[in-house]
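Input: structures, listed below.
Each of the two complexes below includes subunit A, the first together with subunit B, the second together with subunit C.
The block that comes next holds the complex of A and B.
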């Protein structure tokens, strides 16, 4: 039985991790495309339009990848987590079905029009289709986050005698206190990824002395969007989410912060250290006293329960992974603010385009917002363990009762092979698009 | 309320098979009949421009099924675990083929992705048919062995095949000779549908030849249909009961038959769209007749111990279903509006249309 859950979890983790490489770019990029397209409508400078269309090519590749890796996500609720689907489907089915009907449809229908229909529709309608693509992709984010928020902090339900969760208040799915902070945090994170991607392409063009006009425009826009979004990520949205975890999932909070023992007055904030699960302490710890209590409750000596206050079965089952995910996310987020802040400063001083070390740094930082996004989701998902529906339904109770672990391992191996191929092709294609660069409109 | 959602989901499924069906079909035709590079490209394009907005209908159907009939969703998706995951892989391969063939301009690259597109389209059509065959045949719910369920009564697990390949054995596999027949019917139907789509949307050099192909496939389809109806009686003796009790339901088989009849005149039809409408009727009639014959069951039980999964015993509770009607109707209308806008803006022959790169 243990074995069976392991492969189901591993398959879901693998497929969702791979899937989320793509939507995090498309959500943020759609906003930036709308920005460029809008700017073109206002001041009619062709290069804004060229950039919008160039970015849309990158968007389209990512969107296709998102679709074909996204369908397996929806299927896996039924194939691998049948019991969970049966028990909670009448609730999370609502938000998932709405995602498909309202957002995903909007995005994919108007994406085709945006790509193929510019001449057909004229510029204003073309802007509108771009805006609808943006609306669709952020709408998808909203409904998926609403689903996840319900699993993190269930609301508006009733449990029947047979264990089934039944919806008794529809609107509470969307007024869930978990939802808005998580949604905003997630969206700014995806804008951060996109900002880094376009900054990186811009830096690449400048360093190669190629497509210089476009390169400067991409970099300039990227670092400004990047600074704003990475600051908003930390404050207020990151702070807001951390307070939610402290309030609704105190056991996860202790684990992700690495607090093994409760301190009498005021909890320290851990910057570095490795969880030692045998001796129940952090090795090589560097920590600042009382800061965590202040950040969480604005009181220096407020007590925060450590892991010693919880029973073993209430604590997340992989504490080191949760702890590292959280610290990697926060650490990278801090670096992002620093690099983007410096870039904007030098942009303002008109030195950015000549500062080679900074340009190289920006170019090579591009994988890291992806890592921060994905580890951020690991914090949410590992932190929710050992539950699927926090406090109510254990992960081990949600698995498909009839699918053997041998079958799951078989399909997991298949997914790994196919996604390797897919990832390779994706890189080739995006590389090719970036190599070709934006093209001026031919009249 | 259950019936309302059942009908909505059935409509969305039919639309999915009509829309994605033509690009599956285009892939099958591509595999066997496209010889020149020009034809290969334009046929791939006739699928490539549309497949992703067609596949959102599958996602919508899946989402609504999950919401309205969670127990059914859970049981069927875990029970048909392997075939469903294989379908996912095929969907991925097909998409890769369509999206990547035009990316580099040398023949070997294109040939590889053409084959990926063609073969996975063919296998998908076959697998979707086999799935339909499984639904009408029913499964061993509860995994009953000598009168005792080994799972909860609404769960099951089907291997890909059993050693006898017989639908009449106590626990048949996903693939048996009956489901293969239904798979072949689907394959031929979608090939016809795809051929009609190619004729309608492109100026390929094989358009005239395809009409002959459609005519011949239609003969094969008629024979397979009659054969399947005969063996269906063996597998499920009650399959005609619904039609006898509610004669109105006969409208569905009549839709199927009129599509079949119309396609025999494929060469005389005045407009290309008429052929496409005929194959649309085939899909609509085929799916609706199958669902009508097992209604209110959605997955019949093959044993006496556990009852069939019906729209009543797998539905979500009343409150959720009725609140979903509010947004469901809005969403449903939007789906059609989007589809119409898109099809109108991309109407006509697509040969000259820019394929993105």
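The block that comes next holds the complex of A and C.
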């Protein structure tokens, strides 16, 4: 049984991690595409339209890869997590179905119209299709987050005698206090990823002395979007999420902050340190006293319960992974604010396009927003353990009893092979699009 | 093997079908990117709709073991879906831009 849970979790973690590489870019990019298309409508400068269409090609490749890697997710609910689907299907099925019916169809239909229909529709309708693609992709995020929010902080449910969960208040799914902060944090994280992607394409063009006009515009827009979104990621959305974890999942909060022992008054914030699970302490710790209490409760001496206050079965089952994921996410987020802040400063001083070290830095930072996004999701998912539905349904109670660990392992190996192939195809397609660059409109 | 993996292999066959279609019918090709995207959606559309006749991923693994005949049929339909979709999308694209 232990083996089975391990492989089911490993497979889900692998497939969802690979899947989330794609939607995080499409959600942020759709906003930036609407911005460029809107700018074109206002001032009729062709290069804004060229960039909107160029970015939509990158969007389309990402969206397609997101669809391919999303299909196995849907099947896994049935194959690997059948018990979970059976018990909670009448609740999570609502939001997941709405994601497919309202958002995915909206996004995919209008994506095709945006790509093929510019001449047919004219510029205003073309802008509208772009806006509907944006609405569809953010709507997808909203419904998926509503599902996850219910798993993190279940509301509006009733448990029947047979153990099945049913909804007794539909609107509570969307007024869940966990949902809005998680959604905003997730969306700004997506915008940050997209900002880094377009900034790096801009930096690449400038460094290669190719498509210079487009490169400068991409870089300029990217760093401004990047600075705003990375600040909003930290405050208020990151802060709001952390407060929610402290309130609704205090054991997870203690684990992600690395608080092994409850301090008498005022909890310190740990900057660096390695969890030592044998001695139940942090090794080589660098911490600032009382800051965590102030950030969480605005009181310097407020006590925050450490892991010693909880039973072992209430604590997440992989504390080091949770702790490191959280600190990597926060550390990278701080670096993003620094780099984007510096870039905007030099943009204002009209020096950005000639500062080669900074352009190289921006270009090579591209993988890091992806890492920050994914570790952020690890924090949410590892923090919820050992539960699937927090406090109500354990992960061990949600797996399919009939799928053997060998079967799951074989499927996982198959996923690794096919995802390697798809990853390569993705890099070729995106590389080709970037190499071609935006194409000027021919009248 | 579980049906999750079958669904993925099926899409890969759709991508292969669409790129072969684009290679054979050069006047209808949408380029590597366009062909690949068409292949994915063609494969999914064909398998989601026609797979109801009994060769969808779930039916292939219904007994717990892989039904090899249904698996081959699934891959063939997916390949065909990708192959045809490139041509259909090219026609749609031409119609939409014909003003």
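One rule holds for everything that comes next: the second predicted complex is superposed on the first by the 443 of 443 C-alpha atoms of A that agree within 3 Å, B and C clash if a C-alpha of one lies under 4 Å from a C-alpha of the other, contacts with A are read in each partner's own complex, and residues count from 1 in each chain.
The rule is simple: contacts are C-beta pairs under 8 Å (C-beta built on N, C-alpha and C of every residue); 3 or more make two chains touch, one makes a residue touch a chain.
It should be emphasised that the depicted structure is a prediction, and the values quoted were computed from it without experimental measurement.
Once subunit A is used to superpose the two complexes, subunit B occupies space that clashes with subunit C. Once the two complexes are laid over each other on the shared chain, residue contacts for A:83 go to subunit B alone; subunit C is not touched. Once the two complexes are laid over each other on the shared chain, residue contacts for A:106 go to subunit B alone; subunit C is not touched.
More subunit A residues lie in contact with B than with the other chain of the pair subunit B and subunit C. Of the two partner chains, subunit B is the only one touched by A:168; subunit C is not.
With both structures placed on the common chain, the touch criterion links A:96 to subunit B but leaves subunit C unconnected. Of the two partner chains, subunit B and subunit C are each touched by A:418. By the touch criterion stated above, A:315 is placed in contact with neither subunit B nor subunit C. Using the contact criterion defined above for the overlaid structures, shared-chain residue A:401 touches subunit B, although it does not reach subunit C. Once the two complexes are laid over each other on the shared chain, residue contacts for A:64 go to subunit B and to subunit C alike. Where the contact sets of subunit A with subunit B and with subunit C meet, they give residues 57, 60-61, 64, 67-68, 71-72, 75, 78-80, 108, 116-117, 120, 402-403, 407, 410-411, 414, 418, 421-422, 425, 428-429, 432. Taken together, the subunit A residues at the contact with subunit B in this complex read 57, 60-61, 63-64, 67-72, 74-75, 77-80, 82-83, 85-94, 96-102, 104-106, 108-110, 112-113, 115-117, 120-121, 166-168, 170, 400-404, 407, 410-411, 414, 418, 421-422, 425, 428-429, 432. For subunit A in complex with subunit C, the residues that touch the partner chain are 15, 57, 60-61, 64, 67-68, 71-72, 75-76, 78-80, 108, 116-117, 119-120, 402-403, 407-408, 410-411, 414-415, 418, 421-422, 425, 428-429, 432-433.
Within the complex, the subunit B residues that touch subunit A are 49-50, 52-53, 55-56, 58-60, 62-64, 66-68, 70-71, 73-79, 81-82, 84-85, 88-89, 91-93, 95-96, 99-100, 103, 143, 151-152, 155-157, 316-317, 319-320, 323-324, 327-328, 331-332, 334-335, 338-339, 341-342, 345-346, 353-354, 356.
Listing the residues of subunit C that touch subunit A in their complex gives 1-5, 7-9, 11-12, 15, 32-33, 36-37, 40-41, 44, 57-58, 64, 92-93, 96-97, 99.
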